[in-house]
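The two complexes that follow have chain A in common; it is paired with chain B in the first and with chain C in the second.
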Partner chain A sequence: MPPRVDWEKCDGCKAQDEPLCEQVCPGNLMTLNKDNKAYCRPLRHCWDCMSCTKVCPVGAIETRMPFQIGYHGAKLIPMVGTNSITWTCEDIYGNVKRYRYKNRIED
Partner chain B sequence: MAKQLPKIGIVFNDQGERLSAALDIEKMVAAASKNKAVIRTDVFTSPLVDNFEAWIDSSLSEHGMDRVLFYGGFTEQQKNLLSRTLQKAGINPYMVEWFDPLDQGLLNNKDDQAVRDKKALSLLKTVLARVKNLEPLEPEELPANERTLILGGGVTGLHTAASLVKQGKPVTLVEKNSGLGGKVAQLARFYPRMCDPHCGLEHVLFPVLEQELFDLRTLAKVEKLDGSPGRFEATVRHAPRYVNEQCDGCGKCETVCPVDLNDLEPLPECRLPAEVVEKDKTEGAEESQAQDEHAVSEEADASGEHVFSYDTPITRREPMFTRKAIHPSMPMPHPVAYVIEREHCPPQCRECEKVCPNNAVELDQKEKTETVEAGAVLLATGWDRYRTDKLDGYAYGLFPGVVDNLDMEQLLSPDNPHVKRLQGISPAELTSVGFIQCVGSRDECNLPYCSSVCCTVTMKQILELKRINPDVQCYVFYMDVRTSGFDESLYRQARESGAVFINERPSLVRYDESSKKLLVDAHDQILDRKLRAELDLLVLAGGMRPSDGSIEAGKILRMPTDKFGFFETHKQCYPAESQRSGIFVGGCAREPMNVSQSIESGAKAALEAQVFLGKSIHIEPTYPVVNDKKCDQCGRCVEECPFEVLSYNEKEIPVPDLAKCRQCGNCMGICPKVAVNLGHSNIKQYSSQIEVLGENTAFLSKKEPVILAFLCENDAWLAAREAQAQGLVPQNVVAMKVPCAGSVNNALIADALSIGIDGVFVGACPEDTCHYVKGNKLIQKRFDDLAEKLKSMSMDTERVTIAGIGPRDAELYVSSISECIEKLREKGPNPFKM
Partner chain C sequence: MAQELPKDLNQVSTEQVDCDLLIIGGGNAGCFSAYEAKQADPDMKVVIMEKANIKRSGACAAGMDAINTYIPTWDGKTPEDLVRWSRSQVGGGPIREDLALSNAQQLNQCVEELEEWGLPILKDEDDMPSYRGAWDVSIHGEQLKPIMAEKAMESAEVYNRVVATNLIMDGDRCAGAMGFGVRDGKFYVFKSKATIVSTGGACGLYKSYTSDGTASHHQTWMCPFNVGTGYAIGIRKGAEFTSMEQRWCAARTKDYSGPVDTVSVGFNAKMINAKGEYFLEKHYSHLGGDKAPRYIRANAPMEEWREGRGPTYIDTTHMDEETCHSMLTDYLNERPSFVLFLAANGHNPVERPVEVYGSDPYIVGGHTGSGFWVEMDRMTTVPGLFAAGETAGGNPNKFVGGCAAEGKLATRGAIEFIKQQGEVSVSEEQIQAEKERVFDPLFKGKDFDGLTPEEVKERLQRLMDEYAGGTSQFYRVNEAQLDYALRHIEMLKKHIPLLKADSLHELMHAHEVIDRIDVAEIVCHHLKGRKETRWPGFQTRTDYPQRDDENFNCFVESRRNIETGEIEVFTRPYERIVDES
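Showing the complex of A and B:
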């Protein structure tokens, strides 16, 4: 399921040529509309890699779960630290699991 | 390059048994020695200075120590001495860390010693993580230029230029008019000594004019400013004067000139084309001309705030003076050369050229531009009068005899041979004169502020009128008389001279055709009586607004202004520093002020500018560095930097202009890719500490929350220190000092929360007091985003708290922290806690 952008929060990365989600998307799917808000162009091409969700500096992007993984109401939320990433999974019954991974990016 | 293990020497300062009385030092020494990076640990009980050099020598020669951690309380003097000794021995000053256990509440004997000992061990590990990541840094020297560029040749600019030249510093003074002097040269008298302003101005000007260091450019304006502090490059546009330097001011041309211009025609000045001023704006120009009926039109911009805009002043009053189209420089005849108002010349007329004995007239001169290099820029662009004709009831321009206070100064001025007085008002013939105070000032619909000088100016004008004609009757209609300080004596003199003060501001002025008198009706609140004044002349004490030149210069230099258009500065702490480094503000371009205040403000600005005017600019190495491998060029730092320091280099990577940078670290806090690092407080240093702290939170029982507090070193940190010194802060808090709350990156907070620290507290400055303009606002915005994210993660948003804390708000700090702890106790431990 494609990323959903909260246009209230999205500031189009301050109207730069390419917002972060556009730069990071491996399928080059994200772009800005004429109001400088990000959106995903061909929705069905999205791979759910969640790169855009992770990178969004204002937390405006949410990736909704494909139904094969979790029905409506299930959530998978990343939070990016300096050298780690934290995942929060919530199923439709409200059970929460959390994982923290260190990533390997060094300076 | 293989990473070498750092070699840390630790010094415990246990003078007066301050440490050992509160903590188990032996345990700490043992724990520290276990750390592989620590090469030696010593406890000093006697004054350090005596045997410190020997300690360094042995640490360097035997262990190859490369960094030092000082543990304990040190005075600034001791710190200074120790770091100098270390520097002599070859240890970079940025390879030294000071840890005061007092800041973390470790010396607070009221709390359980077992907890404190455990916390001390955790924090020792934490600070060692930072020490391991210290990097040697060297300060930089940037090229500088000794020249100051001053915009505005009024009293502020002139005095400042003169002081600088006296100090042997070169100055370029750019003045839009043909002559120097600005508004002050148009006054009749200075208060309080009631002398002639021309005398005061010339006394300053004459010694400077001959100096080589003084570069005067009249009929000129800055149309572009490139470069950065220390090496500004200004493009100066010169309007043609049509008279060259050969002119000796003999005045023959003036006698043959056929053109008479009245004083409603503006004086000749350099005018910039609209496209130069409004680079980004092309459509707005016409709109703003259309709405000329309100001098201050209050538009609501996107953010809902009122924005004041002033349109060009059009005076509808009767002309009072005339001049020729060729005349001496105005307002003061310096420089000596005449000026021609070419747009008023009749076609083909070359009379002045024919008659000039020095061949000084060049009617074909063209506009030209030049580049001026300067180290610093001083804005002294001054004020203009507020349009009193906007207050319809006072009929400025409709009835003869209604003038504003600047017109009045011209009426009272001695006759200028080059400016002919038209028939009409002569001060000696006046029998009754009225003054209405606060015309347009202190008025919600016009200027809401007090222009601060108009009351005293009225007193001055009354005294001057009484001097010319002791029988003249003066009436002053006022709301409050604000003659502050010693100006009160002028007020007293005016009262004693017989002027009548009526405590009401009339709403209407009428004109009696038959008696040719102005009629003002008022209800005196003190006498509770109606009265009518029949006046020959009515003076409207209009206020000050930023001059058109100020507004234009603000647009060209991209200066932040307040909503009235005055240049924004940090009024209490740095009144002369604008929010653009290297650009300073003096005089009425900053706020309404009188002559002496203007001169002083200019001097303050010049003094502050000295930093950029030496042979070179010294830059501390704590500036931000952008990691170009990580940077995604999103441009957020460029957009949000409070001082517009960053710009893109040839690889499209943002780079800070070091001379402009104030090293607040907001770029580090903003960067979504954590690619910006401040020297000596980089992300790695913080994140490594957070990681170690997260693994060592067991100093409290499981139920007790551990809170990481990021505290702004200007405000909240000082409050926290005070609170700790009083022993008021619970042991749940671990404090971390940051250069500005805005330098805290969300990734660091995410780090802390995801590793199991129960709560994060950010101590920012109270609203509107941030020394870096908006650091606290920027972090607040990011904080809100983070709180939303926490909500979506089904975490408690109470885990993150932000509070505005001033430097002396120790109690507020304690209460906010306690509240935070209380909430977290309710919510239970962080779900990520191991």
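Showing the complex of A and C:
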């Protein structure tokens, strides 16, 4: 059900014709409200693919588990670099793990 | 962006695009179709109609952690060996060995092209692709979809956010497709000399077991935005379909539908039940145990639950932290939020095994044999309409490499067809009629006492789950249940004129549920047609529990009679081309 948008951080991708999350969502779910802040139309329709979370240039989007299938407080934060991605995962007990790998071969 | 909605049909503008080759769906197969067309003839006008944005659309949107078919020719393996394996995955057939062999001969090159374009394929100590099973190579495929999309965008004109709703016909010949822009509200007419349908398969015909009582309605393994449109537009024009009863039901992580093969195949984690028994090893060792065909691996945990021996798990507790880290990295490449799911349940797989359960059934011809009946040139029984990827039937276990290869093969077929058949002409009447049909739910008015797409979809999904062998029935079905399902599908069809939509997004949902109903109908007919049990899990008939090679070592086929609307069911023989050994 997932994307939770921090409206303090979201600037609606001012420089873009269409905000990046709206561009990439495979379900056409992300859009802007009248204050130009991103939201996910029906949260229940999200597939949790995390495309919006990865593409957000200001890190305003967090993918969350609905409580019915996962307990409160876990986090998975992607940091997209050039040809690599780093994920930081914190479980409900506060254990933090990092995963970094190349996702593209350089030219 | 917010869009002023049209108030009536006169306010809907029509955009007509003429092209040589139209590709419906810019996924794995569609991107390779476009690339192949540009390689063959740079002057050809190729257009891709894409429901989402091609950079992150469809089944590969989140990424992929393996290419499941890449032939290690340096170890002496051949395309024939791959066909033998594929055949064994569906219990010895039937499969279209002609299609499978031609596909296997092309697929290595496609995988190598992906690597050239920037896809990281993991290597072993000898710098050869790192295999995690007999045919699957590990990749870090988080960028797989953008990598394929970039090549497609160089090769074709891409119309993003255009929902395909029907084919255009020139007599019996397909002359393109129509649809609407879910962002711009336009009606689109793509007129083409040949058309490739590569929309992906059908998810959401059946209810996912997490959709009740959770805030996740789309907790599915297959992309929930792939709704079977590619099949539906063919069904409505009387195309022949094959093997729609061979549903893809897969062993998946419970409550989260994460891939299990990543773990079981790649990391040697065996399935275990509540009694601590390695049940695949115990009951299915003659079929390969934990390496048994996928329908066995999907059905076995469900049988354990049914017999009261659930929960079922894959035993990950033998792993060390480093191996587990590597496994979770695989997940981050394909289904990243599964790692979050584990974290949200305080679950370290080294300490506790990962729970496994059967997924809701999908119709996905890149995985099983469901889809359009096609000839060797990948043309369907509708002249001018070609199928590739999940939509093309008869040839299971294609996965990423095979869908890419098939995209190319369909393009080659389409080019030959264009050379022979030339131009098309289309009537204004059919365009106008489709435009009216497409926008109808939008113009019902706010006081109209109608139905939302969501409630119709939920009715269909529950019906299919309970009466057509969903997870609640442990995939099992009988004739009476199927007759019940078909009676209610008929009722649902009668309610379609009541669908209403108050946004373009809802209008898309309205057409998605119409498509799902058409696909669900033939799935039920196919399940009725196979009066035996050939692939328990994929297809289990409680009233015909045995395999019946005498009568059913053949393909079950269907075709909608477009005059009467009746679904005609018949069979086609299975031809074995590749010998044993």
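Here, the second predicted complex is superposed on the first by the 96 of 107 C-alpha atoms of A that agree within 3 Å, B and C clash if a C-alpha of one lies under 4 Å from a C-alpha of the other, contacts with A are read in each partner's own complex, and residues count from 1 in each chain.
The rule is short, and it goes like this: a contact is a pair of C-beta atoms (placed from the backbone, for glycine too) under 8 Å apart; a residue touches a chain by one contact, two chains touch by 3 or more.
Owing to the predicted nature of the structure, the values given are computational and were not obtained by experimental measurement.
Colleague: Have a look at where A:104 lands relative to chain B and chain C in the superposition and call it first, second, both or neither.
Modeller: Touch status of A:104: second partner only.
Colleague: Which partner does A:20 reach: the first (chain B), the second (chain C), both, or neither?
Modeller: Touch status of A:20: first partner only.
Colleague: Quick check for you: in the superposed arrangement, does A:41 touch first (chain B), second (chain C), both or neither?
Modeller: second
Colleague: So in the superposed three-chain picture, is A:9 touching just chain B, just chain C, both, or none of them (first/second/both/neither)?
Modeller: Touch partner of A:9: chain B, not chain C.
Colleague: Can A:82 be said to touch chain B (first), chain C (second), both, or neither?
Modeller: After superposing on A, A:82 lies in contact with chain B but is clear of chain C.
Colleague: Is chain A touched at more residues by chain B or by chain C?
Modeller: Here the partner covering more residues of chain A is C.
Colleague: Per the contact definition in the header, classify A:90: touching chain B only (first), chain C only (second), both, or neither.
Modeller: both
Colleague: Let me test your reading of the model: by the given contact rule, A:51 touches which partner, first (chain B), second (chain C), both or neither?
Modeller: Touch partner of A:51: chain C, not chain B.
Colleague: Please indicate which partner A:69 is in contact with in the superposed arrangement: first for chain B, second for chain C, both, or neither.
Modeller: In the superposition, A:69 contacts chain C only.
Colleague: Looking at chain A, which of its residues have contacts with both chain B and chain C?
Modeller: Residues 18, 23-24, 55, 75, 90, 105, 107, which sit in both footprints.
Colleague: Using the touch rule from the top, collect the residues of chain C that touch chain A in their complex.
Modeller: Contact set of chain C toward chain A: 1-2, 51-53, 55-58, 61-62, 115, 118-120, 140-143, 147, 161, 182-183, 210, 213-220, 223-225, 255-256, 325, 328-329, 332-333, 335-337, 339-348, 505, 508.
Colleague: Which chain A residues qualify as touching chain B in the complex?
Modeller: The contact residues of chain A facing chain B are 9, 13-14, 16, 18-20, 23-24, 55-59, 62, 75, 77, 79-84, 86, 88, 90, 94, 96, 98, 100, 105, 107.
Colleague: For chain A, which residues count as touching chain C in their complex?
Modeller: 1-2, 17-18, 22-28, 31-32, 34, 41-51, 55, 63, 65-76, 78, 85, 87, 89-93, 97, 99, 101-105, 107
Colleague: Going by the contact rule at the top, pick out the chain B residues touching chain A in the complex.
Modeller: 627, 629-630, 632-636, 639-640, 670, 672-674, 683-684, 686-687, 745-748, 750-751, 753-755, 782, 785-786, 788-789, 792-795, 831-832
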